[in-house]
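Shared chain: subunit A. Partners: subunit B in the first complex, subunit C in the second.
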Partner chain A sequence: MSLAEPAALPVAASAPARLHILNRFSHRFKASLPAYLLLLPSLIFLALFTYGAMGRVFVDALYQRATPKAPLRFVGLDNINAVLADPAFTGAVVNNLIYAVGTAIPSIALALLFALALSRTNAVTSALRAALFLPVLIPMVAASALFLFIFLPNVGLLDYYIGRFLPVLPNWLGDSDIALYAIMVITIWKNAGYYMLFFLAGLQAVPEDVMEAAHLDGAGPYQRLRHIILPELKPTFLFVIVIATLNAVTQVDHVFVMTKGGPSNSTSLVLFYIYEQAVEHYDIGKASAATLLTLAALMGLTALSFRTMANREGGA
Partner chain B sequence: MTLIDRLFKDTPLATRREITPKLGFALTVLLAIVWLIPFLWMGVATLRPPSDGINAMAELMPSLKPTLDNIRDAWEIGDFPRYALNTTIICTGILSVQFVTITLAGFAFARLDFAGKSLIFYLFLMQLMLVPVLLIVPNLSLVAQLGLYDTLIGVMMPFFASAFGTFLMRQAFEAIPTELEDAALIDGASLLQRIRHIYVPLSMPSFSAFAIISVTSHWNDFLWPLMVINSPDKRPLTVGLSVFTATAEGTQAWGTIAAGTLMVIAPLLVTFLIFQKRFISSFVTSGIK
Partner chain C sequence: MLFSRRLMLGLAIAGTMAGALSFPALAGEGPTEIDLFFPVPVDGKLARDMGTLIKEFNEGHPDIKATAVYTGSYDDTLIKTRASIKAGKPPAAVIMSANFLLDMQIENELTNLDPLIKADGTTKDQFLGQFFPALQGNAVINRSVYGVPFQNSTPLLYINADQAKEVGLDPNKPPQTWAELTDWAKKLTKREGDKVTRWGIAIPCAYDYCGWMMETLTMSNGGRYYNEEFGGEVYYDTPSMLGALSWWNDLVYKHKVHPPGATPGPAVSTSFISGNAAMMMLSTGSLTYVRDNAKFNYKVAFIPRNVRNAVPIGGASLIIPAGLEADKQKAAWTLIKWMTSPEKSAWWSRATGYFAPNMAAYKTPDMVEFLSKNPDAKTAVEQLDVAKPWFATYKTVPVRKNLEDEVMLVLNGKKQPKEALVAAQKAAEETLKPYNAETSLKLP
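Showing the complex of A and B:
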């Protein structure tokens, strides 16, 4: 922790003094060696698959092949421009924004309701918490397999039980106006129980005596929620919103299994677009450009939220 | 004393007569039931004989003549034993290497003082912000260059270092009193011996918390193995299930799909129901992952 120490040496650095600094550094490096050796295994894998991958995305986004077998040539920002001009990409971005807002808000609202209702621990609430948490554990692919049948036209679970109340049976996954919303239902079902955990933890911080005092002052349940509980949960909200947004971009396996982006691209999301470019069109340049844009957007968002959080803590 | 009164008996006396919390609770109970319906259907459909026909498939009342035919079909057609083996290899492979890397790095951050500590700390922190799924394209070309395309090692490799695990272990090691280590130091124990015999045994709860998060998330991984694996006999459960579902959907074999899904998620569900408390607390810490 004493990196700054050499600066405190006399300014007139004569030759022996400079040697002295050098010695200190080599001594310090020697003292640090065991730590570096312990960190080495982790750093190798991080260098390969995190920082190296980041660098690769930057470089790959600048190159393009005319045909899959043609040599690579430098194209500068052409890939980025091509991606931004691609209606399939902008469509995927719009879909992903709708998907993010349409999954984050309902799942967070439900999570808050669940946490408020189940904040006390007894046998009944533990069982209910477990029931609501079960979908979090299962793979998105397994959830997709179950919901494929639930959304199956005519004979599926939804049509079988609810269809008789509807004038026309919608084709849940086959109608381009509905499919994205059907996909969103699965995400909400899967994530609400996860976010509930954070609200349950956050609710522990709400002081019971303040709640009772507020009640004595005549505050009803709604007022206590609005003026005591919600302000106390603000950091939890911020945190859960960040996770929900990240999930809206990364946790989209059901699109691959259930709709493959269709019908007519109505459920194509950004990660699916990247996958299509890389795996189906072998267009690494465009896939990297799209990855770069997505990473930039997400890192901007996390940085912003960290700053808001830091500001809040600093101001408090 | 009615059931509702019993449930609310530990609420503060003053608020016990309010109606809104009870409505919220009732709504939650209702939604919890709705939340369980897909699982209920999965169980009922697995045991329903195919002779009941497609029109009875959605019926949530269990069949009167339950059968294990669907499970047998899924087991035979789907090659699930092979998929389960691959997933097990992937999860244990990742976890064993992670245990080594996070223990060593966690110890360095917790107990050693070295030049550039905060810089390296931020390098680790960056991994938490760069979600690995987004780096599939560059990582796939790297895995291919290393000659690991279509191998299980290729699936595991990007996850061998874990910033989340490192921070978890750092926290656990910092809580261990240095006096214990000093005693071992006097006895002449080397650095690795001290980690192995003092720090690791005392940090088991953190290891198990990390194991839960690591295994569940890699058990459920889909997109990355889908890209790396090409041969059918190297597929993990998730990729296998998606291929199986696509085939069985064509023949409307929903009972077998339900049985296949059940096989994929049963190990996780059973472990969860046994270690419920541990799972929940691990998942709360995983928020920063």
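Showing the complex of A and C:
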């Protein structure tokens, strides 16, 4: 680059400014053309199946039928307003918030605990890691079917063992006060092992010499955790929190299999609400509007967390 | 919008199915190829039975090549059918939950079968006359035929006969009224202190089943649940439904003989099979499952009455979606007539546990023999005399859910029956509003 500069400079000085920009642009385009060509196949499919679909959702969210036989007409933001005014939607959002907080915190705490306990590699910890990771490998639908049996009132595995200690046997999935928490248990069981992997990777990055120095200075295990390990794991925490929150919105297969949002909408989450609007109410406009709202919330969340991460890296 | 959909569809077809779509179809030679969408709402053996049935049909009809496509549950089948209608590629025939027909007709998604019946030289009355009268209500809309009954059911009372004998009850004289049933349930419930170790009776309540059971209880209390003639009205806030829900609530919280909370069908049948519930109300469709799995003597009986004996039907009809080419429509009609003929109807009934909608099926020798060996299957057929149509409204599923959500609150002890039904009525009227705006409230 430094060699080419003296030759290019006089040309740039004599040519008009606009041409210069165009020139530079075409030059840059030429240079990156192979990259675009390589991206093209996946861009085509992304456009067809991802961006195309998103565009379609955006358009559909603006249309509605007044009565079943009436033609579709443009209604602007009416669908979005209708969704926001729907108590079923606000209920689903509240449920989803409880679900997100109630699954993210315990599963991340468990994951960190597992990772700390199993950070050294030997035969025993490898076996335990594999065992803790096993639930991740089971598809959510299969896991739900398993838990359907475990939660079966009176005769299921859970009631069979702990039933004798309880005065009244709970109807785990049939009681509107308990069902959401029963669903959350499955998510925690399934995700803790997955997040453990990230923490294990994060722990590898904790500098050995700093730990040794702390040890020599007489820092106890708690002090080492509090002042060295946790600060070093901060990026991992941020990343896992984002993943856990996204999972809380998108990974809800077990709701479909186990409760279908019931009883009395107590386990209805946002994605399930969208499904209900689209499939049961056959209301594509409202379903698309709810999808847009969810998408906006998720994108906002992701952008925020990426910015926090970038800030941190820039500051460091 | 249209363009992009066409484009996507075109690309998908070009990309994946170029080989499959080759010359015979274009040249108009070879058999007419049709798809049949079928759900499996009960256990997995059904899919194999359907394969056998379609293979036999294809062997007997060389000009038609039918393919059976498994489409999941009843609800999934509705979703997939609607998706393929929207994509411009409807299946030729679908086994559709009988109470979805009205909603589909309102959305212009069904083929009117009257012209096809007329083309065969039969009248509508002759055609419908083959089937049990109780099934006709869900097949006929505005005096036109839109569906042909294929596999049907009614709710039954299942009794653990051994447990009944153990507490001094005679299983050969099952309870006939709500009062007798309450009495039986009290005697059959076993307690250790406050803890119940055996429930007297269990009635399922999960989405879909719950609405059907509410209709069952309401009908045997003299009620109707919905307007059979018009899809814009339901009768939730009525004395007959209030009585039904109050009784159910009493079984749970006053007599404490029914488990609290909302329990889905499979949990109820497991409970019954394991001896944890002495009686249950469940579909005839579960009869084969109970017969194969119960390690005790059981009895089935009519649903007991408070005012009258009456139950709703359940199950599915064969339909032809709208927007099909004439040759495919004709082929689908041939398939439907073949599948609902007495012999095939009877065979399907024995294979699955559903009863055969075609009355002549019960006169076939194989069926007569089967019934003499399995008298419990006979009870289901006898109850058909008092059976009535299954609720079907504009947006059946959401309108049903409006009620179910409230019933679940009652069973969980969160609401009293009256306030729950008032809320359900209000919610349902809100859901039905657009349809009423177009029909009953559209004034000159």
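Basically, the second predicted complex is superposed on the first by the 274 of 316 C-alpha atoms of A that agree within 3 Å, B and C clash if a C-alpha of one lies under 4 Å from a C-alpha of the other, contacts with A are read in each partner's own complex, and residues count from 1 in each chain.
Convention: a contact is a pair of C-beta atoms (placed from the backbone, for glycine too) under 8 Å apart; a residue touches a chain by one contact, two chains touch by 3 or more.
The shown structure was predicted, so the numbers you read here are calculated from the model rather than taken from an experiment.
Asker: Given the superposition on subunit A, are subunit B and subunit C in a clash or a fit?
Answerer: Overlaying the two complexes on subunit A (C-alpha atoms) leaves subunit C and subunit B clashing.
Asker: What's your read, subunit B or subunit C touching more residues of subunit A?
Answerer: On the superposition, B touches more of the residues of subunit A.
Asker: Please indicate which partner A:280 is in contact with in the superposed arrangement: first for subunit B, second for subunit C, both, or neither.
Answerer: A:280 sits against subunit C, while subunit B stays out of touch.
Asker: Contact-wise, after the overlay, does A:262 reach subunit B, subunit C, both or neither (first, second, both, neither)?
Answerer: Only subunit C; A:262 stays clear of subunit B.
Asker: Using the superposition on chain A described above, determine whether A:246 touches subunit B (first), subunit C (second), both, or neither.
Answerer: first
Asker: Could you say whether A:52 touches subunit B, subunit C, both of them, or neither, answering first, second, both or neither?
Answerer: Once the two structures are laid over each other on A, A:52 reaches both partners.
Asker: For A:204, is the partner it touches subunit B (first), subunit C (second), both, or none of the two (neither)?
Answerer: Neither partner.
Asker: Counting only touches as set out at the top, which of subunit B and subunit C does A:155 meet: first, second, both, neither?
Answerer: both
Asker: Tell me the contact category for A:175 with respect to subunit B and subunit C: first, second, both or neither.
Answerer: In the superposition, A:175 contacts subunit C only.
Asker: Shared contact residues on subunit A, subunit B side and subunit C side combined as an intersection?
Answerer: 48, 52, 56, 148, 152, 155, 279
Asker: Quick check: in the complex, which residue numbers of subunit C touch subunit A?
Answerer: Within the complex, subunit C contacts subunit A at residues 1, 4, 8, 11, 75, 78-79, 82, 106-108, 194-195, 199, 205-207, 259-264, 266-267, 270-271, 274, 276, 394-395, 397-398, 401, 404-406, 408-409, 411-412, 414, 431, 434-435, 437-438.
Asker: Which stretch or stretches of subunit B touch subunit A in the complex?
Answerer: Interface residues on subunit B, with respect to subunit A: 7, 10-12, 14-15, 18, 20-21, 24-25, 27-29, 31-32, 35-39, 41-42, 45, 54-55, 57-60, 100-102, 104-105, 107-108, 112-117, 120, 123-124, 126-127, 129-142, 157-158, 160-163, 166, 191, 216, 219-223, 226-227, 237-239, 241-242, 245-246, 249, 254, 257-258, 260-261, 264-265, 268-269, 272-273, 276, 279-280, 283-284, 287.
Asker: Considering the complex alone, what residue numbers of subunit A touch subunit B?
Answerer: Touch residues, subunit A against subunit B: 1, 3, 28-29, 31-32, 34-36, 38-39, 41-46, 48-54, 56-57, 60, 110, 113-114, 116-118, 120, 122, 124, 126, 128-150, 152, 155-157, 159-161, 189, 193-194, 197-198, 201, 208, 211-212, 215-216, 220-222, 239, 243, 246, 249-250, 253, 256-257, 271, 274-275, 278-279, 284, 287-288, 291, 294-295, 298-299, 302.
Asker: Hey, which residues of subunit A end up touching subunit C in the complex?
Answerer: On the subunit A side, the touching residues are 48, 52, 56, 59, 65-70, 148, 152-155, 167-169, 171, 173-177, 260-265, 276, 279-282.
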